[in-house]
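Below: a set of structures, written as structure tokens.
Note that chain A is present in both complexes that follow, paired respectively with chain B and with chain C.
Up next, the complex of A and B:
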């Protein structure tokens, strides 16, 4: 699971009001090399909840020097975009789980794939 | 007349493949729309004919369309046309000389092709036709192997293979600009793909869906019923970053029984990510997840540029959702085709589509498109059965017949309005409504 995806996911457990962001408990993390595409990263930045991204990168020990706030004029700041690219697309949670911040319910991640299915009684 | 003026009145001839006829116009329109250009056919436009003449375009527009289209075979700068060779000649002699001469220079090479639709021509007849064009001011040398300029004489002998006329109905002559992407149909054929399933979408239709959805480079695309990822493969080919969900754990993980004829179980390299790797687009792979599409997992402000999907019909794969007893076991194809669709299945199916439209209204960018297949029981089909939503505009509805009683329709919708916020839980999507009539009242 990549952090771009994680940034958009929320807990949908019945009755939960503040299910975002999901906490990440990773037992295996991989960092792959993915071709840097500055246009794509620039396009995605406005879609992100920035603090949730920083928090997730922190949880995985992959934050490095990602700033707490968005840099102004990021579209032309290649160095900044490369940092964002790395945490969005290169860092992957292979094994672990996502946890609802309110209910504590865990959604397992195995072979990089989160399982978000709820049981009948949670729906 | 100044050269620039005459070039802006140029007409382009698109030669289309005689396949998926209903799907062609929406594809070309969508691709022109990506260029901000309208579809402007010349007079006497016939949609079912394999030759379309378009106006108001630049050569770059045409090249862009051809770089994406799987419905179009080739595009030409139209120099002349007519119902007879005599009319063609008159038309060609009226074509501005200054538009011809750049491609006829003494130091250049060229060749002339002859193409006949719905008729086979003997080699000798082809040569005769080429020779008959000697009134054109060609000054260069003929090169059959690698000419700098290619010209084409195209003859249309109608669309009835049982009634081929002696003389063509219509004739065109033009300078070849570009070929379409029909080669992708072969190169991305499901036959050679590492990971397939019973319902993997054929390559041609996958690319047509991508084009109907106006997917462009650096888009973010989502498939809520991703299966084996055929649609993601097509979207990634055109530069989109892709993600998907499916309720079936085994399919998402690439486990379980293989759909290949002589293979029992799926191998290690059989999953969606491996499919993208096979075609060199792994870098466009975001994620797939096991998830129930009727219970979306996305935060309210998460938006996609396009949602492209082939929902389960209840025929080859059962329709399922968590927390429901209404599991449909699939009837065998023969039964479904002959019998009336059972009421409980209809209810179930309409939930899928109302949920899908509702989800799209919330999770598409403004102007983003939803493209999906709607299964149809033909004897009872009417236009009112196509689901509507007040935030989505219906763009096209193309039928692919599956049997005498069943077909599926490729529906394209575009988001034109933001949904009104629910007054309570900001992180929940709006509750899905069921039934056609509610949407029509709201709309």
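Up next, the complex of A and C:
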């Protein structure tokens, strides 16, 4: 599971109001090389919840020097875009789980696939 | 008697005749030929668009569905293998728009036999030879289910030649001089550079495949193939072999339109990305057509909420790689197969030395209750359960409306799009008619999937925010009302 995907995922347990962002508990993380495209990253940033991305990177010990707030004029800041590219697409959680911040419910991640299926009583 | 249409594109351009180490040249004249391609029915225009974009020529869509034709020069031949919307390719030997069939079967078949020696085979055979060279250089893999190699622009290096490959025949069948067009240089010198030298001339093996459509013909496709094939065999002194052939001659008869061609591809191009199949894996050419329809933009978030083996998002991650794909399914086997297919492609890329990571992820989820933020998705693209191949009619009746609602919720209002393939057109039409506040139908493409007629629906997400349209409020009251309708309306 890449952190870009994590940024889109939310807990949908019945009754939960604040199911985002999901907390990450990783037991296996890998870093995979993905071709860098500055335009892709720059256009993706407005679609992200920035603080959730930083928090997730922090949880995995992969934050490095990613700032808490977006830098101005990031569109042309290639160094910054490369850092964002790395955490968005190259860092992957292979094994672990995601946890709903409100209910505590855990969703396992196995082979990089988060299992978000709910039980009947949770829907 | 037969209305002959000469190939209007024959030209000769002299090229420096020196070395032939480059696989793109024949070492001699560059000639122009017409190439035909079979494409998923319904996506002829999409394929023509791709030809225009990647080859720069205008393609002609045939009256015979699922076929397009376009001209190409031999120095650019390799480009045909970059096309992602075509299932099979062939070079045209001759086209007859209004072939006059004789009254009796006997006479018709004799005419076909006589045709064999009159056709302008030369150029087409040159192209076939050139094409065989190209395929060897790219390590093009043989038929079957696997996808070990992909003929695309990623790899230009001449990697291992597959041992299963056919030998490049040395015998040139154009020596008879029956044609008024003859290339001045032979390709023999070129071919020796690329494959193991075979000193003696080998007998070429061939077969004829005939497809016939129309209700006024006095003969069957088998008879035509047999008689035409017999004449071809006599004329060229080739050997007929149904399974291990070097050349496949195509005889396509569609009412009065007759096209004779030579195949440039083997059967399995349309399963190129998938190594781990599922029960309903969609062919890659169809996936490509659907993706082209929704025009993925840079940084689009694209979801396939019922991904099966991941064919659609994987094709997207490769061909439209400036977007990000999330493939999801509720089924264990499906998500595992999807990950296997992704890993397979990534490993292939890593082996070639390129950055292997693809912009795609896989999640296990319930599509009627997506764990995705509201209004965050740009495109939803999927193959919805058909009811015959998977799922059931009754299940679809409940599934489709819930699906559409949930997909509307996650889609970006105003700009979001959906491209949905389904065979259950009645159920879909009903579901969509109740969703006017959330989805608008833009376009429908009628296709053929595994013999079943299906529709690819292109939808646009309206600007209405979710939770505020009458549809949301009504639908959220639960399945009780629908139950009664099921019993009376289901056929």
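Here is the rule we use: the second predicted complex is superposed on the first by the 123 of 123 C-alpha atoms of A that agree within 3 Å, B and C clash if a C-alpha of one lies under 4 Å from a C-alpha of the other, contacts with A are read in each partner's own complex, and residues count from 1 in each chain.
Assume a residue touches a chain if its C-beta (ideal position, glycine included) is under 8 Å from a C-beta of that chain, and two chains touch if they have at least 3 such contacts.
Nothing here was measured: the structure is a model prediction, and the numbers come from that model.
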Next on the checklist: Contact-wise, after the overlay, does A:119 reach chain B, chain C, both or neither (first, second, both, neither)?
Outcome noted: first
Checklist entry - With the two structures laid over each other on chain A, which partner does A:17 touch: chain B (first), chain C (second), both, or neither? => result first
Checklist entry - Which partner does A:44 contact after superposing on A: first (chain B), second (chain C), both, neither? => result both
Next on the checklist: Just to be sure I read the superposition right, which of the two partners does A:90 touch: chain B = first, chain C = second, or both, or neither?
Outcome noted: second
Next on the checklist: For A:35, using the defined touch cut-off, is the partner it touches chain B, chain C, both, or neither? Pick first, second, both or neither.
Outcome noted: both
Checklist entry - Now for A:4: first (chain B), second (chain C), both, or neither, which partner does it touch? => result both
Checklist entry - Just which bits of chain A does chain B share with chain C as contact spots? => result 1-2, 4-5, 8-10, 12, 20, 34-35, 37, 39-40, 43-44, 47, 49, 89, 111-118, 123
Next on the checklist: Can you tell me which positions in chain A touch chain C when the two form their complex?
Outcome noted: 1-2, 4-5, 8-12, 20, 32-35, 37, 39-40, 43-44, 47, 49, 89-90, 107, 111-118, 123
Checklist entry - Which part of chain A faces chain B closely enough to touch in the complex? => result 1-2, 4-5, 8-10, 12, 16-20, 34-35, 37, 39-40, 43-44, 47, 49, 89, 110-120, 123
Item to check | Interfacial residue positions of chain B with respect to chain A in the complex | outcome: 217-218, 220, 241, 243, 245, 247, 249, 252-253, 283, 286-292, 295-303, 322-323, 425, 427-428
Checklist entry - For chain C, which residues count as touching chain A in their complex? => result 298-299, 301, 321-322, 324, 326, 330, 335-336, 339, 346, 354-359, 361-366, 369-373, 376-377
